[in-house]
Amino acid sequence: MTPKEIIARRVARELKNGDVVNLGIGLPTLIPNYLEPGVDIVLQSENGFLGLGPLFGEADPCLVNAGGQPCGILPGGAFFDSAMSFALIRGGHVDVSVLGALQVDSQGNLANWMVPGKKVPGMGGAMDLVTGARHVIIAMEHCTKDGAAKILTQCTLPLTCVGKVHTIVTEMAVFRINNGLVLEELSPGVSIADVRSCTEAAFTVGPDCIDHVDSITEHTGSFSATPGGKR
Amino acid sequence: MNKCISLQEVKGLFKDGMTIMCGGFLGVGSPEGLVRELINNGAKNLTVISNDSAFPEMGVGQLIVNKRVVKLIASHIGTNPETGRQMIANELEVILVPQGTLAERIRCGGAGLGGVLTETGIGTLVEEGKIKLVSNSVKYLVELPLRADIAIIKAKKADRAGNLVYEKSARNFNPLMALAADRVIVEVDELVDTGEIDPETVVTPGVVIDNIVVAERY
Amino acid sequence: MTPKEIIARRVARELKNGDVVNLGIGLPTLIPNYLEPGVDIVLQSENGFLGLGPLFGEADPCLVNAGGQPCGILPGGAFFDSAMSFALIRGGHVDVSVLGALQVDSQGNLANWMVPGKKVPGMGGAMDLVTGARHVIIAMEHCTKDGAAKILTQCTLPLTCVGKVHTIVTEMAVFRINNGLVLEELSPGVSIADVRSCTEAAFTVGPDCIDHVDSITEHTGSFSATPGGKR
Amino acid sequence: MNKCISLQEVKGLFKDGMTIMCGGFLGVGSPEGLVRELINNGAKNLTVISNDSAFPEMGVGQLIVNKRVVKLIASHIGTNPETGRQMIANELEVILVPQGTLAERIRCGGAGLGGVLTETGIGTLVEEGKIKLVSNSVKYLVELPLRADIAIIKAKKADRAGNLVYEKSARNFNPLMALAADRVIVEVDELVDTGEIDPETVVTPGVVIDNIVVAERY
């Protein structure tokens, strides 16, 4: 499995039957492939509908997901305008929002919409999603392509929100943010030391976290190439 | 009151320096014929309000590429490299607004509201220069209304009274913009007689629509 | 003609073809009967639709006007929820609002929703209508049943709005409010003196106002019984 | 997730002291079966949020007559003499809210907004105790959100997922209340299988509906 697949699979386990879920573009869109049998979720698409499903048949130019890709709508879906879409998002009617991140920190702050002077795509719906969703999950690779840490003591890029992130899922570990960063779970074969070496932020280790002390970081690949990949 | 006009008649309505709202999400649900007429018309120094700047060849993206826009208010510009280039070159002012806030600000403009209080953007660059209010121990930004001189929107079908229904995810910002401009021009794929749209399924009531243009087949 | 009919007929002349109009309950509902040929208006009903029309056929319990009376909907009408209804009202999409009044004054203030200690029906949609409609017309009998003036220097009852009334139509006269009260038109046979005797507020007389100096106040009846009917 | 429950099961959900929103305009579009169950259930000291207090024998009016309500938030009480009587006798607190403001306050409660700015009520008793803001030389009131523990609403038809369509002027406040309560119970005339309502015509998406009750024929 690629790191992305590991992440998507683990995020899928965060979702409960009946959850209304908004998935960011990119990695999060893989998540539905990994849902356990018996877990049916309803996908909300910020551009204006519920019941987002895979494309079946011919692409309809008027039916796209939030990334602009052709998609389908499942039975029981509903279309609405952007005000209603964000009333649902901001109003707490979306149970889970899964987004990517450039940086996330131990106070639950998130940065994912701009790199000053370099790239300013804009926040789109991200600021509303993190503000309104009941459970905000950051799904991202643990480090940047250059091996720099993305889980920081304090975000350095312009923020998307302050203190709204609840959970971070990477290919190495799962963190909860609860008065600081708590390491809750390690991927198979990953040790606490492995995670510390790739994480700038200090974190406590949760009681149920099983340390794979003797691990060799060969399972997931993406970070094995960046030992001690700190910023 | 015949609201139906030709694309030729539309052309004369756009003036330099106007504020234009344009429906669509990444170009889906944008009035392509009206955008083309706006480009043909030659109006420049426009302020454009739109969810995003679409793509260079699609939706409002074409206005950016043709350098008609001096100010863009949008939530996302990542899909149109020309927008970022003009912004960095200081040829284009871009005001980024969270998408839900953009929707509410346009809705306020159409609904006669002076603004809304939203938590979205608190603690970020978005709060710069804005009034903050604390209510029930939560800090909110006061976000102000947006209106335009002309809104150009896209619908699937209109009756001659201007009642509109939209198509799938092409609905997006169109129904909000339909209330928020001094003149609202809709481009539709299909025009039917008044009374042919079930009053229960009308999304935008005809009274807010000034002009209807039937899309040309490409 | 009764005073109510005179008023409804005169208000009807204020309406232009294509106007979107909201009519208050009671007297204003008579207005459509007096529209000139060629003047088609669209009626907005605050409880959630456009295209209000007369009841035809059997009453539908789900289709009532803002007073709760069964009614019809004309071709080209549309149903919506209360937020949309008042978005239209507050947002300036209703051209004309016609309401009754308990009191109205020369600053364009209106009182029509409560008499403290006596009757408190509530404002319903009236405060939004007077705030949002482009042209606010008060349609009312010139004096109370007891002969007291209703057009005052300053309203004494709790206000519905401040400075939002544009036009007052009574069975005696038409006033515009434009930096004070301006008498614009007299009903046939009504003199300026007649109006002064029934109006507490001072008013100026507009240039086009024709004084029926020699009038005897027999045409309209309702105020002839109350000579000098000042408060 | 079966959202469909019987009127018997509804009964246990109402508790003393709860805040209840109830759809309807002069009783049109009120969930009569749910109101009856609420009365049968015996809950008292309720705060009720509704456009009006309908009539003594109809809609929320019955809750007033049965003395279950200690506080009523509404725009109009003129059609139910008992409401005025209890108010004057100090048995019932009545907070009168302009109808458009009431709609927006409920919408805010459902949409995660901290409030709206409206000119409605400026210079009147409505402004008492409220924050005022001046924007663009216009004075606005800051009106705060309303939410409820339970919203009871009426629709024409639901599918099993809770997607709703309404009937004519019985729509009114129902779609707004559907987003603004911790639990939303809808009474419908007709229940159909999921997928039988065209996604384009859904007014209230099913995800906000907790329970569906099919109205009994009278």
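Letters A, B, C and D mark the chains in the order given here, with residues in each chain numbered from 1 onward.
The rule we apply is simple: contacts are C-beta pairs under 8 Å (C-beta built on N, C-alpha and C of every residue); 3 or more make two chains touch, one makes a residue touch a chain.
Quantities reported herein were computed from a predicted structural model and do not represent experimental measurements.
The chain with its CA mean position farthest from that of chain A is C. Work out the mean CA point of chain A and of chain B, and you get 30 Å between them. The geometric centre of chain A is 58 Å away from that of chain C, both derived from CA atoms. Our note on geometry: chain B versus chain C, Cα centroid distance of 36 Å, whole angstroms. Multi-chain contact residues of chain B, defined as those touching 2 or more other chains: 104, 107, 111-113, 118-119, 166-168, 199-200.
Each of the following residues of chain A touches two or more other chains: 49, 73, 79-80, 83, 86, 89-90, 131-132. Two chains count as a pair here when they touch; such pairs are A-B, A-D, B-C, B-D, C-D. Touching chain C in their complex are the following residues of chain B: 1, 107, 110-113, 159-161, 163, 179, 194-195, 199-200, 202, 205-208.
On the chain B side of its complex with chain D, the touching residues are 104, 108, 111-119, 131, 133, 135-136, 138, 140, 142, 144, 165-168, 199-201. Contact residues on chain B toward chain A in their complex (touch as defined above): 25-29, 51-52, 74-79, 84, 87, 94, 96, 98-104, 107, 118-126, 156, 166-176, 203.
Chain contact summary for the complex, chain A toward chain B: residues 45-49, 60-64, 67-68, 73, 79-83, 85-86, 89-90, 109, 119-128, 131-132, 158-163. Residues 17-18, 20, 42, 44, 49-51, 73, 75-80, 83-84, 86-93, 131-132 of chain A are the ones that touch chain D when the two sit in their complex.
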